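Here you go, one structure.
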Amino acid sequence: MVKRKLHRKRASAGAPPGTLVADPLSSPTAMDYITYDETGCTENASAEVGGLAKVVGKRAVTWINVVGLADIALIEALGKQFDLHRLALEDVINVHQRPKLEEYGAHLFIVTRMAADPASRETEQVSMFLCKGLLITFQERPGDVFEPVRERLRRGGGQIRKLGADYLAYALIDAVIDGYFPVLERRGEEVEHLEDLVVKKPRETLLSVIHETKRDLLDLRRAVWPQREMLSALMREEGDFIEDRTKIYLRDCYDHVIQLIDIIETYREICSGLVETYLSSLSNRMNEIMKVLTIMATVFIPLSFIAGLYGMNFDPRVSPWNMPELGWKYGYPYALTLMAAVAGGLMWWFWRRGWIGGSGDHD
Amino acid sequence: MVKRKLHRKRASAGAPPGTLVADPLSSPTAMDYITYDETGCTENASAEVGGLAKVVGKRAVTWINVVGLADIALIEALGKQFDLHRLALEDVINVHQRPKLEEYGAHLFIVTRMAADPASRETEQVSMFLCKGLLITFQERPGDVFEPVRERLRRGGGQIRKLGADYLAYALIDAVIDGYFPVLERRGEEVEHLEDLVVKKPRETLLSVIHETKRDLLDLRRAVWPQREMLSALMREEGDFIEDRTKIYLRDCYDHVIQLIDIIETYREICSGLVETYLSSLSNRMNEIMKVLTIMATVFIPLSFIAGLYGMNFDPRVSPWNMPELGWKYGYPYALTLMAAVAGGLMWWFWRRGWIGGSGDHD
Amino acid sequence: MVKRKLHRKRASAGAPPGTLVADPLSSPTAMDYITYDETGCTENASAEVGGLAKVVGKRAVTWINVVGLADIALIEALGKQFDLHRLALEDVINVHQRPKLEEYGAHLFIVTRMAADPASRETEQVSMFLCKGLLITFQERPGDVFEPVRERLRRGGGQIRKLGADYLAYALIDAVIDGYFPVLERRGEEVEHLEDLVVKKPRETLLSVIHETKRDLLDLRRAVWPQREMLSALMREEGDFIEDRTKIYLRDCYDHVIQLIDIIETYREICSGLVETYLSSLSNRMNEIMKVLTIMATVFIPLSFIAGLYGMNFDPRVSPWNMPELGWKYGYPYALTLMAAVAGGLMWWFWRRGWIGGSGDHD
Amino acid sequence: MVKRKLHRKRASAGAPPGTLVADPLSSPTAMDYITYDETGCTENASAEVGGLAKVVGKRAVTWINVVGLADIALIEALGKQFDLHRLALEDVINVHQRPKLEEYGAHLFIVTRMAADPASRETEQVSMFLCKGLLITFQERPGDVFEPVRERLRRGGGQIRKLGADYLAYALIDAVIDGYFPVLERRGEEVEHLEDLVVKKPRETLLSVIHETKRDLLDLRRAVWPQREMLSALMREEGDFIEDRTKIYLRDCYDHVIQLIDIIETYREICSGLVETYLSSLSNRMNEIMKVLTIMATVFIPLSFIAGLYGMNFDPRVSPWNMPELGWKYGYPYALTLMAAVAGGLMWWFWRRGWIGGSGDHD
Amino acid sequence: MVKRKLHRKRASAGAPPGTLVADPLSSPTAMDYITYDETGCTENASAEVGGLAKVVGKRAVTWINVVGLADIALIEALGKQFDLHRLALEDVINVHQRPKLEEYGAHLFIVTRMAADPASRETEQVSMFLCKGLLITFQERPGDVFEPVRERLRRGGGQIRKLGADYLAYALIDAVIDGYFPVLERRGEEVEHLEDLVVKKPRETLLSVIHETKRDLLDLRRAVWPQREMLSALMREEGDFIEDRTKIYLRDCYDHVIQLIDIIETYREICSGLVETYLSSLSNRMNEIMKVLTIMATVFIPLSFIAGLYGMNFDPRVSPWNMPELGWKYGYPYALTLMAAVAGGLMWWFWRRGWIGGSGDHD
């Protein structure tokens, strides 16, 4: 659980910056592109770097999407072809970047984190290079939240085909942000389940589960929070990569990130409350246990004492002062009655204090 | 309790921005308007979009109020007629926005949250489009806090009919802020009730109730806090939508929001104190229980021992060393006296320690 | 305790801003003025609005002081006469404002909060209108901290009569700030008393008292903290209401507010420590109780067992294996010695663990 | 402990600002000066105000040092002679100022706090007036950390005699800051001692001591933290009191203050951890006590039951079903064996759970 | 553990600034240099100050590296030769500086902290003087993380030999930052181990270990956090020491520092959770112990009472009311059955409450 947090930033510490070394666990690389303008849209599901030169620039906007980061050669070739900065490419490969925006002369470099699968607790890095008329995106694994955007590009409805690569970048980021809502829904259900458990069955392991959930929420927060800064930086961007009308859309997207953060914070607050509730339920259990012990012990201890008293062997034959009760006609009934009276009195006292027979004081 | 926090931002994730899809649970839509200037005030309780063109502009200010968000067509028609931005309209429909101010070229878009019903724990989104001489407001449900403003418009007293749409917007926001005070009064009563309970009847479920209340206060804070930023943005607004003399009134309104936040924070602080008090009352209960057990056990254990001692069967006939007390004339009274002395001594010791007979040490 | 925090901002929610409605609990209104310049000082302890026109402007500075806010007509007449803004007047009447500075064209409006009576937990709003050569102040109730300032005006020593209305405003604010020191002294004594109690007599109700005190300190903080901003705004004031040489005095006053806040924060920190100490003293009490129970039970349980052992009825006549001790000559002394040895051994063990006979381990 | 925090700012509340009233507990006043330039250094250990006029200005820099604040007349005369602002002089007398920098036209007024004696928990106010070629310092009591600076002035080594009064002021502030390091060393030893105690002998009073130490650290923080702002203000000072090359030295001094704050924060953090450790050690003690009780009770309760069983008086003569064990030949050994087996079994079970015989589970 | 935090800033408090006094524990000093340009690279593993004049300036960049700070004379000679500011040299010697950037006229002075050995809990100060074409670095001890940079300089691959001293400084800082990742990996393993222990074997000493780890993390945070500011200052540097293209690399480095801080914060959060888990595991243990006691006591107390009851000595011969059970034919079996029934009933009740036989309620 701890281990997953720690990632070396670079394959070999001290290597020169911009060294690209594939993570051996990377998915195999595939590349596709969609190129479009107002009049139409061409798609190629398995593109080659060699063929891109002919494609880019033909239509108004081209979106090249690389899935899987195992093929360093392909990525380097892409970088060469479109003049992508080596440091940015290194960040593409080292997939534990925080969301950020970096301006290089020839392009904007945007890193975001996508929650493609609500069932998974991991987020996936999506890197984007935004140039004029060209958007290159890199994903870690197949499977993404971009299908609706592709659909809109294919259908050509709305304004997506009329606007530039910056609007496409916005649409993708917006899809990424939207993708967190089902994830939070799932976390919300988990938190709700914990709320039930903490009241009904406060097991010893529950606290670890709560802390686990808190940590998941912290991870989510770490993935979402910097997107806010990234979007804010995009909105303030002063080069000509982002058009003003796209900025209005980015502001909308920014609002959604704030909503996400609000929800995450609420869940975290609930989890903190759950810890308190759990600890107090331990105290309550203890009180329950102690009450049972105290009632049993307190009722029977005097009774046993009385029994012990009349089990003493003082010799009644020596003097009439020695345990005359033993010789009474109703000695035994008297002793039993005494015991019942004591027990009854104590029970009544416990009942009045609210320890037995329903809750609350009975004063 | 958790679920209510989570709301999808959009009907279908990935849909193009500006897509208006009605929430199936929306209230049916009704529209009314009030148009007024210094000389008079015309009202129409059930207006049609078609007829608005003739109305707007006749008098100095027109206020169009749409209640219920089910009729997307009407809202779209309004948007078309008055050139409202689609992203803003989307935010009107998706009613879980935080209060905010957004400037579009042709209008200001203001979102605020209204607590129309002090009994409810939900707040309702009120969206406003402020244009020159025109204010369009959208509410989620019938029932609002604007009636006194309408009254003032009808009566024509004061300056409300002399000033522009910006002053009307101020008056509505002010009414919204005012509407939180009765809500807080109610929450205050709840907190007070919890304070009573925590001292007098600290049940096991109380902690959940306290956390529930804390969460309600957090929700309120989430609804109120951004109004501060929204008002502050309105006061700094540099276009010509807000006149300077209105800004003085907005500053007044801003003060009230600060007061609201102060009260909410005080309540949250009290609730945190209540958790501590509750936990300590559990410890106190435990101490009480343990004290009872300890007193009973500690008093009777030596008595039972003495009883057991004289219940031993050593044969006094074998030697005079074997349990001679059994043959004493006052053996039994001696044993009883011994027991009484031990019990009395222990009781006295407990009394001196302040465990019985009133509180405090008796040294 | 909770209720006192909550105050409706306005008599009727939704009323037009600037509506003056007297709180029915207001003190009756009285008005006095002092007008002075370097050469002399005229005082009138019960002034009328009508007569003010002749007074103001005759001498360099006039200070009009209104005590009690019941007479709305008088306050409105004052407002008309000296052109005071209606919103500011509304804030004068609604006496739960935070300290603040508001600039209106014709005057500065200053709100501060005065702790006139160290015994009371309430602070009182003092509102000031600072015009050129004129200072109008409003207090809620008779009784204030301004007497030394009046004395200095009458005596004419120092520079107070040589300087303008801004210096007078400073002198009053300074007196208000000074007035908090005796209040804090009192709170300090309370905190000290709580420190004593928490160690010596940690009753169940103590936690509520600590929280009460924390809340009082929070109230004080709420009254004092915004005075810092108010003074800082006065020092930055760029109109010509405040002269530069007065600003040096305001800086001095600002320093004192910082000192007040430091003291309040220290007290709040101490109170938080007291809660921890209280909770740990509960645990310590529990440990004490448990120790007594454990020692008593642990010592007597084996003794009772031994007594029970020799109370068994196995028949020694059947075989020499059956309880031969009962027939021993020194059987009873042997049993008593065995008991004493067991008890002594256990006592020694408890003593070595530091449970009895002074504190600490005795290893 | 609480009281020491609270100091009236002024002898009589409401007195005019700049009123100098000596604290009756002030040390008697003495004055000395050192005047120096590159060529030499003249010292006078008991100077008179009257003679200063002839001294100041003769050599490049004069340092007048006033020790003890009882002699108001002398301080006022000094103020007159060198045109020191009355408000600043008031702050000199009222020795509970926070460190600060105030610019007056003719001089800078610097307040710092000195920890002259590592054994004391109090800090002492040092006030400085920095004019061109003249530095006047005021200390509360004899005894300071300036001796090394005086030595350097006398010896004339280094650059201290070549540079101006601003460098002298820096040298003194630097000595003041340096003086906190031995104080922190002492606090560090205390904290270390507490760490030992909390693990080895967690007495009931320990928590108060920890809180006391936390409060001492808070006091230190209050004395040190504002020095950071003061130094930062000195470095940004834009008049010509501070030369640029002195500012480099001040930056060095600023770094040391940051180091001090870091250390204080670390100690505070450790103290917070100690509270947790203390509370958990209470719980551990309780667990220990309960374990002893439980083991003793649990082992002996069944044994006592067996003993009680065979102490019953059912009459074996009535039927062979009635307590035939009593008549067995090996009845008593059988009973003893049964008891030993039960006790052994329970001991084994406790051992397996890790309650006895070393720590940890023995599964 | 506490002591290590506290370091005197200067050998003798009050010494003139810029006094260089070697720490007696310093490592002996050695000096080496590498001088390089695009065409080649010359290395000298044991250089003398005297020979440096001939070396520096021959090739584009020279890197002088001093290891061990015992030889003050050498350091002073270096300082003289290259005009290094005395205050900076003092900071080189006093090795407990926080990472920082200081601009002096002739050079930038950079302090960073290196974690050369992941096994150690100490970090080592690395000081750098960045001049035009010259970088002088000082380390405390032999052993560093710079070997890969030296390798790159020797191999001449990449761009390191083409760029200036600023790029070299970047490369070294980058190596320092990279060096923290293995340290964090180790800390992560420790935290993971603690997580295991806290659930499985919550010993009394564990809390101290957790606090120890928290403090180690705090130390790391103190070493890493200011590097962020230092890098940010380097990126904003407006002199001509840092070229623009190097700033892009520094931004990359800055990102890695942010990642480090994120990881440290996560570990600290986990540790805080561990404290809660530990405390709750104490409560759980207590509950377990109490449950055992309660079950044993509660089951056997009534049984013992029954045994005691029939051990009473009421004389059945006196009347048929006196303990007739003793004379019953099946009196003893009846008593045993009664006991078994009571014990069974209680066991069933405990089982239903989930106290025995697996977890959870059995209602």
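A, B, C, D and E label the chains in the order they appear, each numbered from 1.
To be clear about the criterion, a residue touches a chain if its C-beta (ideal position, glycine included) is under 8 Å from a C-beta of that chain, and two chains touch if they have at least 3 such contacts.
Please read all numbers here as calculations on a predicted model, not as lab measurements.
> To test your reading of the model: what rotation angle superimposes chain A on chain E by C-alpha positions, in degrees to the nearest 5?
The superposition gives an angle of 70 degrees.
> In whole angstrom, what separates the CA-based centres of chain A and chain B?
Once rounded, the distance between the two centres reads 25 Å.
> In whole angstrom, how far does the Cα centroid of chain C sit from the Cα centroid of chain E?
That gives a centre separation of 41 Å.
> Would you pick out the residues of chain C that each touch at least 2 other chains?
Those would be 279, 283, 286, 290, 293, 297, 301, 304, 308, 311-313, 323.
> Going round the ring from chain C toward chain D, what is the chain order?
If we begin at chain C and move toward chain D, the chains come in the order C, D, E, A, B.
> Over in the complex, which chain B residues touch chain A? Could you list them?
Spelled out, the residues of chain B in touch with chain A are 1-3, 5-6, 8-10, 12-18, 85, 87, 90-91, 96-98, 100, 102, 104, 201, 203-205, 207-208, 211, 214-215, 218, 222, 275, 278-279, 282-283, 285-286, 289-290, 292-293, 296-297, 300-301, 303-304, 307-308, 310-313, 323, 325-333, 335.
> For chain D, which residues are in contact with chain E within the complex?
Of all residues in chain D, those touching chain E are 145-149, 151-152, 157-160, 171, 174-175, 178-179, 181-182, 184-185, 188-189, 191-192, 195, 199, 248-249, 251-252, 255-256, 258-259, 262-263, 266-267, 269-270, 273, 276-277, 279-281, 283-284, 286-287, 290-291, 293-294, 297-298, 301-302, 304-305, 308-309, 311-315, 318-319, 321-323, 355, 359-361.
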